[in-house]
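Next, two complexes with chain A in common: one pairs it with chain B, the other with chain C.
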Partner chain A sequence: MTEPATFLLDGVEIPFAPGQTVIQAALSAGRYIPHLCYHPEFRPHGSCKLCTVKVNGRTAASCTLPAQAGLEVESETEELNSLRRTLVQMLFAEGNHFCPSCEKSGNCVLQALGYDLKVMSAGFRHFFPDRPVDASHPDILLDFNRCVLCELCVRASSEVDGKRVFALSGRGADKHLIVNSASGLLADTDMALTDKAMEVCPVGVILKKRAGFAQPIGARRYDTRPISAQALEDAPRPLGQGHCEACEASE
Partner chain B sequence: MTDLASLLERHGCRPEQLLQILIEIQARAQWVSPEAQQQVADALGLPLARVQGVIGFYAFLSDRPWGRYRVLFSDNVTDRMLGSRELLDRLCARLWVERGHVSGDGLVSVDFTSCTGLCDQGPGLLVNGHAIPRLTCERVDRIADLILAQQPLEAWPADLFDIEDNVRRADLLLGHDLALGEILRSVRAATPEAILAEIKKSGLRGRGGAGFATGLKWEACRAAPGAQRYVVCNADEGEPGTFKDRVLLTRQADLVFDGMSVCAWAIGASQGFLYLRGEYRHLLEPLNAALARRRAAGLLGRGFDIEIHLGAGAYVCGEESALIESLEGKRGVPRNRPPYPVTHGYLQRPTVVNNVETFAAAALIAHHGADAYRALGTAKSAGTKLLSVAGDCARPGIYEYPFGVTVRQVLADCHAEDAQAVQISGPSGVCIDASEFDRRIAFEDLPTAGAFTVFGPGRDLFEMARAYTDFFAHESCGFCTPCRVGTAMLKGVMDKIAGGHGAPCDLAEIEKLDKVLHQSAHCGLGHTACNPTLDTLKRFKPTYVRRLKHQDFEPAFDLDGALERARQMTGRDDVGAHLGEETVE
Partner chain C sequence: MTETLRRVAIDPISRVEGHGKVTLLLDEAGIVQQARLHIVEFRGFEKFIQGRPYWEAPVMVQRLCGICPVSHHLAAAKAMDQIVGAKLTPTAEKLRRLMHYGQILQSHALHFFHLSAPDLLFGFGSDVARRNIVGVAAAYPEVARQGVLLRKFGQEVIRVTAGKRVHGTSAVPGGVNKNLSLAERDVLLKDIYQIVAWSRDAVHLARRLFEQDLEMHTAFGSFDAHTLNLVRADGAMDLYHGGLRARTMDGKTLFDHLDYDRYWEEIFEEVKSWSYMKFPYFRELGPETGWYRVGPLTRVTQCDFIPTPLADMERREFLAFDGGRAANATLAFHWARMIEMLHAAEAIKDLLHDDDLQGTELMAKGERQERGVGVIEAPRGTLIHHYKVDENDLITRCNLIVSTTHNNQSMNEAIRQVARQHLDGQELTEGLLNHIEVAVRAFDPCLSCATHALGQMPLQVELVDAAGTVLDERLRS
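This part shows the complex of A and B:
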C-alpha cells in the first residue's frame, strides 16, 4: 500500500483509507470529534449533527462526510462547540431528562456530552412531552422520555440481531420510536437481554429491569473521565492494524 | 378482505409500492385499519412497524378513522387572508363537529392541511383527497348539506370541483403550439450526445428553486456506471403559494412528458416516474389518460415508459432524495449526500430528478435549439419562468415571463401596485418590501421556484411569518436535531410573541435558532425555516416590537396573568388579588 492520503483536522494531518468518512478517520487517528448518533460499529447516520465540522468554510456532519485528500477541517473551535452546546440543549429540551433519578446517569452519552461541552444552562424552554413508558416486557423497560431518536437501536436490532424490533413513526416534533408488534408492546416481540439493541442506546431508554443502581452514581463510566477521553477507546484501531473494516477492505 | 388481496396482487407485492398501496387503502376506507396494516406487511414481507412508520409520516394517511368524510382546509397564508379560518368555523358549526375531532356518529372530521396549491382561487379544501376551490359561505353550506345528506362524493355537483387555470400571461411554455409527437420526432433524429450538448448550451437551470445546471445533471447521470437509469419528474409542488406545476400538468402535460422522454433519450433511461403530490390527486386520471394516448401514438412504451406515483401530504418530499425515498415506498427522509441521485438514486441506481417546468423547457430546447432558448431571459438566466401569483392582487394566476422581469412589472400586471411586500419563492424564499420592487426575477437576483405572494397595505407581516413558521414545524421530517427541535421552538417563540408575552430575548432566540438551523440542518427545509421570520424582522420590525410585552426584560411567564383564573373563581379583582410589577422581583 502506498503512503495513505491525508486531510487536515484542526491543522493536524489525518491519514485515511478510501471509503472512510472524516469522523472515522479522525477517531482511528486518535482525534476526537464530539458525536452522539454515530457508533463505530454501524454505518454513519448523520441525524444528531453534533459532529458538525467546518470544511473549507462550509459546515457538514463529519460522520457522513467522505474523507478526501487535502480537506481542511475545523472541529475544535468555539463556533462549532457553541453549536454543539445548543444542539445538546435542544435534545434535553425535547425529551424528559431528569439525570438525578435516571439509571443511565454517569453512563449516558447525552449527559456526558453536556458536561464535556460545558453546557451550563437549559438554554430553551423545555417541551415536557407526554411519552408513556413500556414496562410490558418481563426483563426490559422502555422509557421513551429519554429518546434522542438516534436510531441506534433500530439499526442494531435490524442489522445485528436480525429482529427488527424497533422503527420510527410520526414526523417533526412528533417523530417517535415504535415497537414492531401488533400490540405495539415490547412484550410481544422477541427482544432479549442478549440483543445488541440492549447495549447501544446512548441514553436511558432501553434498560434492564431489576438491575438499577448496581453501580453507584459517581463511580460510573463518564463520572470518572470525560467522554472526549474515552470515545477514542471505542474507535477502530489505527490504519493497518486490522479491526477496521474499511481499512481491511482497502488493503 | 379479498379487495385488499387483489390490490396487493396488482402492485406485485413489491415493497417499493408500499406507499401507493397505503394511499389506495386510505382512499377506499378513509383509514388503514390494523388488520389492513398487518395484511400489507405480510404480503410485502415488511415488519408491521415499517408499515406503521410510513402511515405516521404522511399527513394524508391515518391509522385511525377520520370519518367517512375527511375535510381538510388548505392553511396557506393566502387562504387565511381570504377568510379560510372563518369558513372552517362555519363548516364545523354546521356539522356540529370540533376541528381536529371526528363527529360522534363517525360521519365527518374537519381540520387544516398545508397549502393545497389553489392559492389563485382560494380558499381551498380537500374532501377525501379531492380539491374544492373558491370557498364562500354559500359553497361551504352546500358542502355541509351534502355531507349531512351523506351523498357519496361521486354524486356531488361537478361545479364544486371545477379548478381554473387562470393563465394570465403565456410565453414559450404555455404558448407553444406543437402537435403531439412533433418534438420527439425531431429528438429521435438526433443522437443523445447532440441532445445533451444542446441542453448544456441552452444554460437551462433547474426550476425547482436550487437552479442546478440541467445539462450537467443529465451528463453526470449518463456517465454514472449502471445498467438501469431513471428519469423522475418532481411534481411534488409543496412550496406554499406555488401552483404553476398544477397548471403545466393540466394544460401542457404532453410537453412535460416530452421533456422526460428527451431526458431518457439523452441519458439512456428506460423507466420514468412522475411523483404527483397528493393534493393534485384530481390530475391523476387526466395524466394517466395522456400517458395512454402517448402509448397509443408510439411516443411511450418503446424502450421508455412513465408511471405516476402519488404523494400523501409531505412537503419534504419535494427534496429530491426524500422524493426518491418516497418513490421507494419509504418515509420521505432526505438522504445523506454524497452520493447524489445522479449516481445513487432510485434503488441506488443513476437517476435524474427534475422539476415539471424544467422538463417542459428541456423539451422545447431539444426541438427549437439552444440559441432560440437563450434569446429569451438574461445572460445568466436563460428562458422563461412561470410565476404563481396570489395574495392581494386583482388578477391572481399564472404569469410566464422571460427571466429578468422586475417585481414592479409583475405587480403592475396583476394589479397590485399598492403592495407593501412580496414573498418570492414561498416561505423558503425571500420577503421583499417596496424599496426592492425594482429587483429582477432571475437566478442572479431573485431566484424562485415560482411562488409570488403579494401582501397589500393592510396586511400584518408578523402573521405571515407566523403562518410560515407553523408550516415548517408541521412539515419537518424530524430526522435531524436542529430542524426537528428548532422548527418547533421557533413556532413556540412566534406563538409567545403573538400571545403578548414576547420580549427582546425572544427576538435574540429567533436569531440563535436561525444560526443553528443554517449551520447544521440536514436539508433545505431546515436551512430556510427561519427565513420568513428573519426577513420580516429585518424589514418590518415594528410589527414585532409593538407585540413585545416588555422592551427590556421579561420573566418566563406572566405571574399576574397566571392568577386570572383564580380571580375568576373567587370573584375577586381587588388590589390584593393582583401581583404588581414591583412584587415580581
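This part shows the complex of A and C:
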C-alpha cells in the first residue's frame, strides 16, 4: 500500500483519497472548514460559499474543489473569516431570523455559525421579507422565513425520498423555496415525517409540528460545544480507519 | 372643557421599566383636575404573534419584558395548556410554580431594593446623585447586599427551572421540558433558609419605613379603589392559579372564584386617543367608575389568607396596622410587596422539599381546543393572555391585558392626588417631579410590558398655561 497523496491546509499536510474534495479530506483529517450547504451525505452544492478557501492565491468553494496533490490551501485566516462573517450577515439580512423565539435555536446551523465566526452585529439593513408559513400539513410546518436556499431539502426529497417535494423558484434576489404541488401547499404532497427531507434542514424551515421547545436549554446541540468541534464528528471516518462512505473510497 | 385647562407635562418617568410621560390638566384656579400617564409607545405583540404556531407563544411573547418575562411565559403556557386540552402533571405544575415564585422573589427584590429603597431611605426630595442603588450601597451596605443577593437567588431559581435567568423556554404547551435535578435542588436548598430570613427582614424594613412618617405615607397619593385578583378555591393567595375575585371599594363582591376563561364577560377595555394603553373596567360598573387596582396591595388585602405561615402573620399585622390605614395607602404597596416576597421565599422552601420536582412525567395531552386563556398573578398584578388557534395550529387572535394596563387609571388617580398636594400652580419644582415619580413607581409599572417601549429619553418638563404659553420648562437628563 502506498502513502496517500496530500495537500497543505494552513500549512498542515492533509491526506486525501481520489475523488475527495478539499472539504471532505479536511474534515476527515480533523480540520474544520466552516460550511452550511455542504452535507457529508449529499453531493456538493457550492451555493453558500461559506467554505470558501484560498488555493494558490485564488478563492474557491472547498466543497466543490477536488483535492489535488501539492495544493496550498488557506482557510483559517482573518481575511477569509471576515468574508464568511459577511456572508452569514447577508443570510440573516435576507430572511426573517428571530432566534429569540425560534424553536430551532440551539440546534440551528446558521445561528451556530454566527456564534462560531463571532458575528457581533447585523451588518446590513434587514429585508424583512413577507413570507407566510405553510401550516397546511397535519404534521409538518414550513416556515419559509428562515430559508437560506441551501437546497438540502430539495436534494434529500429528490435523491433519497424520491418525492421531489421541494424546489427553488425565481432568480437572483427573488429566488425562493417552493412546494411542488398544484396548490403550492405541503398538504397536497406525499411528504411524511419519516422523509429524509425532514432531517436535513440546517435552519428552522422544516419543522415537526407540536414538538417545538421540547428540548431544554443545555441539551440542544450547540448549547455546550461550538459547531466547529461538532462538524468533525459528522465527517466521514479518517482514512486508514475503514470504509469512507462519503467518498466511496476504501483503504 | 379641557381647552381652558393648563397643561403640565413630565417626560419621562425615571426608574420605572419603560417610558412614561405625565400631563397634569389644571383648571383656571390652578387645581389639578385630571392626571394622564401617557403611554405613547406602540406595542405590537398581539399582532406579531398572529400567524405563528401556538407552541411558539410562550417563548415569543415573554420578550415583552426583560424584568418579569416568566409571567408572560407562564401565562401563555397556561393558555396553551387549554389549547392542547392538557391537565398538568404534579411535576409540571410544581416546577412552573417554583419558576414563578423565583420570579416574584427577584422582581420584588429588584423593585424594593434597587428602585424604591433610594426614595424611601433618603427621602423623595433628596439629592438625585445619591438617590439610587449605589447610594444605598454606600449608606446602608447590608441592606443593599441583601437586596442584591435576594434578587440573585430568585434568578437562580428561574435559571434552573426555565433554562436561563432571562427568557427561558421550559414551559411548553401541556407541561415543562425539564425537571429539577437533585444537584440543582441542593444548590438552592443551601441558601433558602437565609433567603426566608432576609425576606422577613425586608418586610420589617418596609414597615419601619412606613411607620417613620406615618401621616405622609398613609396620605401620599392614596385613594379608594375597586380591586381584582386571583384567589385559590379556599380563598388563599395563589399567585400561579385560581379564580378571579373582584370587589368594590366599599367591600361589595362583584364576582368571586370566576373561572378566568370567562374574564371577558366581566372585564371590558376602553381605548383613549392619548394613550396606546387600554383602560380596563368592570362591565357592571361601566367605564367611568369601573376602573380598579391590581398588584401586591390588592392581593395582600383581598385574599382570605396567605398559605405560608410567616407571610400570613405579616399579612395579619399589615391589615391590623393603625386600624387598617395601610390597606389603601399607595406607599403601602412596598410593604405588601415585601410580604409577597416572603411568601414566595417560603413557597420555594416548601417546594424544594417536594420529591415531585424530580418526577419524570413532564408533559400531558388532551383534546385539542381552539381557544385558550391563561391568567397568572405577575409581580405587578393580574396578567391575562387570551389566544385563538386555527385548525392548522396557527394563532389567529391574541389579547393581552397586562398588570400595568389594569392599573392604568389607578396610577392616574395616584398622580392626581399627589399633584393636588404638591403643585403650587405656578412652577414645576424638582420636589413635585420627584413626588409624582414616587407615586407612579409605587405601582412598579412596567411600561415596556404594557406597550413595548423602545429606548429612553431624558426627563423633560414643561408648564403650559390655558392659552398654550410655556410658563416654565425643565430638563433633567
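The definition used in the following text is that the second predicted complex is superposed on the first by the 238 of 251 C-alpha atoms of A that agree within 3 Å, B and C clash if a C-alpha of one lies under 4 Å from a C-alpha of the other, contacts with A are read in each partner's own complex, and residues count from 1 in each chain.
Following the convention adopted for this analysis, contacts are C-beta pairs under 8 Å (C-beta built on N, C-alpha and C of every residue); 3 or more make two chains touch, one makes a residue touch a chain.
Owing to the predicted nature of the structure, the values given are computational and were not obtained by experimental measurement.
Return fit or clash for chain B versus chain C, each positioned on chain A through the superposition.
After superposition on chain A, which the two structures share, chain B sits beside chain C with no clash.
A:V179 in the overlay: touching chain B, chain C, both, or neither? Say first, second, both or neither.
Only chain B; A:V179 stays clear of chain C.
Per the contact definition in the header, classify A:A5: touching chain B only (first), chain C only (second), both, or neither.
neither
After the superposition, just quote the angle formed at chain A by chain B and chain C, using C-alpha centres and rounding to the nearest 10°.
110
Is A:C99 touching the first partner chain B, the second partner chain C, both, or neither of them?
In the superposition, A:C99 contacts neither chain B nor chain C.
Looking at the overlay, what does A:L232 touch: chain B (first), chain C (second), both, or neither?
It touches nothing on chain B or chain C.
When the two structures are overlaid on chain A, which partner does A:R210 contact: first (chain B), second (chain C), both, or neither?
After superposition on chain A, A:R210 lies in contact with chain C alone.
A:S47 in the overlay: touching chain B, chain C, both, or neither? Say first, second, both or neither.
A:S47 contacts chain B only, not chain C.
With both complexes placed on chain A, how many Å separate the closest C-alpha atoms of chain B and chain C?
Distance of closest C-alpha approach: 10 Å.
Does any part of chain A touch chain B in one structure and chain C in the other, and if so which residues?
none
In the complex, go through chain A and note every residue touching chain C.
Counting only chain A, the residues touching chain C are 100-101, 103, 132-133, 135-136, 141, 209-219.
Show me the residue ranges of chain A that touch chain B in the complex, using the header's touch definition.
Listed in rising order, the residues are 44, 46-50, 52, 59, 61, 64, 66, 83, 86-87, 90-91, 93-94, 124-125, 127, 148-149, 164, 166-175, 178-182.
Applying the document's contact rule, which stretches of chain C touch chain A when the two form their complex?
51-53, 55-56, 58-60, 63, 84, 162-164, 167-170, 172-173, 177-178, 363, 392-394
Mind listing the chain B positions that touch chain A in their complex?
Going through chain B, the ones touching chain A are 34, 38, 47-50, 52-53, 55-57, 314, 331, 336, 338, 473-482, 484-489, 492, 509, 512, 515-516, 519-522, 556.
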